[in-house]
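Just dropping this structure here.
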Amino acid sequence: MSRAIAKYWITSVMVGLVIVFAFLYVRPGWETKGDPKLRLATLEGDPKAVANLSVWGTYRYSRDFNSRIGLDVDGIIHEKEPTLYEQTFEPWLSAKTVKNMFDGNLDFLRGKKNYGTFYSDDEMLAYANTEHVNDDWVLQISVLDKDTKQQSDFEVQYPDSNTRNYWFTDALQRAANGDIIVLSTHSVNVDAEETRHDKELVRLQIDTGKKAISSVTTVIAGREEDKKQLGLLRNTKVYNPMPYMLISAPMNGKWGYYSYQTATGKLSPISIVKAGTEIPTMFDVADDRLDYAYTDGSRIHLQSFDLATGQPESEEILIDTSQWNAVSARAVAANPKAFSIIYENKKADDPIAGVAIVDRKTGKVIYRAEVQADGTEQERQEALRKFDLVSGLAL
Amino acid sequence: MIELNNVKKRFGFRTVLSGVSFQAPKDAITCLTGLNGTGKTTILKSIMGLTPIHGGTITIDGSPLHHTSYERIVFVPDQLPMPGRMTVEGCLEFMSDHYRNWNPERAAELTQMFKLGLQDRVGSMSKGTAAKLNLLLALAMNADYMLMDEPFSGIDMFSREQIASVFSSELVEGRGVILTTHEVKEIEHLLDYVVMLDNGRITKQFACEDIRLAEGKSVVDVMREVYET
Amino acid sequence: MMTFWKLLNLEVKRLVIPFVIMAIMVAAVQMYGAHAMARHTENEAKEIMAREKLATVQQLEELHGLASYADVIRINQSPWIILPIGLCIAFLLFYLFFVWYRDFIGKHSFMSRLLMVPASRHHIYFAKLFAPLLVIFALLAVQLLVLPVENRYYNSLLPDEMRVEYPLNYLISAIPFLRKLIPLSAEQFAFNYGMGIAAVIVLYTGVLLERSFRLLGLFGAIVYAVAAVYIATIPLGLGDHWFFYEKARLLAGIISVIGALSLWLSLYLLKRKITV
């Protein structure tokens, strides 16, 4: 035995080092060492009332290293390295979206560009993408009937093929008669230097049977100003059926918001009163309702509008987060019952980062939690100072 | 018995063995002789499976070569085939590690006899010392056959004598030996069979006893006849 | 099986001096790099504080953040880290040829001795395949052991209030070169090293082709290697009608097949065609 050890010790040391490597590689701790001891602590309400008791934020570890981390009541959740499957669609489609929207019809995604736009309802999947091909602006369309699995792919030409102007696909919907509705931004060059553009939002209705455009109408047109974009608010990659969409555009010399009825093409101004100092933080469109929120420091103003009329549906709800020592706050999500909000105060001795779910009728807190840190006072303050909330609680 | 039957071998487009057939019995010393480049070494390497043949058969006691055959048949190439950094002790250890037929007592005896230093490195040995170690590694194996490639080439007289003495000793007794050489003179009296080669062909093969008795000639005489005509 | 371990031991022994040199070089150069980086960070901090008239490190942190070891090696793409690893890779690439040729070429060609070991010749092949792999993974272990030490050393050279803690995987991902060597996802790790091992097997096949058929074999080896690389890159050229994960799986499949085929061919050549 001792002879064997004497003889094979070099190989044994090498094998030992390989085992050390395997241990160092797989042991948990590569991503958690040096982590702050942050966690989410319930301050009010019943945690059971919350669907998913976790939030996302960024933590600034050092000068150039910000990491996206999750927090729940137990501590930090690190994002996993994406698998090869996830790398296929991330970041332009999340694995969750792929599963929810394209499950069973994954082949539909083949050859589709990551800058294209998708549509999904119970019966069909659609895709639209604008390309500049051979000095022409073309709209590539793909439609899949989920029942028959019949897919049709074709191209139509945009009405203006001037190469100094631009087209871009914004949204995709389906009309009652089965036509495809594409909302595209048409950017028209107005001077030789190509520095200023007039924009118009154009509705193209496409007959998928004839594989041709059946109508072209301009939804709204105008000239863009600094930091003010004409067009749809809240673009997404994959559209579900949306009876109404929200458009930002100039309105009698001032910028405002319109509701756009997808089926009829009717445009109605929304009577959001703007004082000028507020910072809008949420435009949540669900069916025919818009949940709008703006903030002026620690106070969040929430209001719902009927998108059919553009009129407010309810009185404004005010949530003043200064009661929790916050100096800034914003609403991040809404559903028919509640709002999800975030509030923060970085300058406090113990920096504050909190999330809450608020009843939309009464404005009362259903659940509230704050990010807390463990350790010495210095460690706690440092950890909280370096953490920024990105998401609130999911509804 | 080692038996070659119509063995053919090419290197690229050049034929080096064209239909070589001979038998080398156990308990006899067979000498392959011929001018340089006639295919002597190639035959030994072919028997040992160190180069493929392109026709014919080679059998050892009736069976083709298998990796287990290396316990029964040892090859002594013209150069000691051990890494230059290896010590004599390392070489002995390598052999004892891999060969069940390795005889450590005999190895120790021979080390003494050849006056080899256990810590001497292969790379810094004189040609004669390397040749002795080379021979030792084969002799310390309880093998049935021993193949030797030019055991006397390029070594000093003293080493030559020491090596030649091995052939008459009990160390090779009972074994079948095939050796290649073009310097037959010194060992002529030890040989049982001679196979003469020229250009990859056998020009003559005979039992030494026969030509001594029947024709009254020595091996060297026959060689002279064959190669000078 | 014992023959394999014995031959592996022999091959590893022959690599131990280069291994020790490489390990010491990596550790020493990188530690020196950590020292240099710490000085750099300290000087930079002093400069910024003087220029912007900052009184405390805390002010510096609020305005600019603190530079961790990972930050400085990333910004500088530290040659102190890349260079020694590059040298190791260069040596190991050379060694993959040398592991065969040194036993064929020279006064004492050890290969005939190896081929006459009374055991299957597969063991010779696998010993020559696994010895460099053992050394590669042992070097990776050295790297993983040294990295946190470097980090600690860097911190120890800085004043208390300038020390930063962060997860070690950031240190690895700070240098793309290092991240390729030690991918943080196990799937990627298996993929990279599987591909690497397949490449070594193809290389060995080339060497054995050359050793079996000499000049003709060399030509064959070049054709074989080019064909293997060409076939392996086919999935990369597939259009966007293939999903990335499909291309990756196809690539893994093709590489496995090439690897298996090359392995079979190598073992066949070693058994039947090799010429010493």
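Chains here go by letter, A, B and C, matching the order in which they are written, and residues are numbered from 1 within each.
One rule holds in what follows: a residue touches a chain if its C-beta (ideal position, glycine included) is under 8 Å from a C-beta of that chain, and two chains touch if they have at least 3 such contacts.
No experiment lies behind these values; they were computed from the predicted model shown.
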Line, ring, star, complete or other: which one describes how these chains touch?
line
Ranking chain pairs by contacts puts first A-C
Chain-centre distance (mean CA atoms) for chain B and chain C, in whole Å, is 45
Chain A to chain C: how many Å between their CA centres?
40
Inter-centroid spacing, chain B versus chain A (mean Cα positions, whole Å)
82
Help me check something: in the complex, which residues belonging to chain A touch chain C?
7-8, 10-11, 14-15, 17-18, 20-21, 24-26, 29-35, 60-65, 67, 81-85, 87-88, 106, 109-113
Write out the stretch or stretches of chain C touching chain B in their complex.
3, 6, 10, 14, 102-103, 106-113, 115-121, 214-216, 272-276
Can you list the residues on chain C that touch chain A in the complex?
5, 8-9, 12-13, 16, 19, 64-68, 70-71, 74-75, 134-135, 137-138, 140-142, 144-145, 164-170, 172, 182, 184-189, 191, 239-246, 248-249
Residues of chain B that touch chain C when the two form their complex
11-12, 45, 48-52, 67-71, 74-75, 77, 79-85, 94, 97-100, 122-123, 130
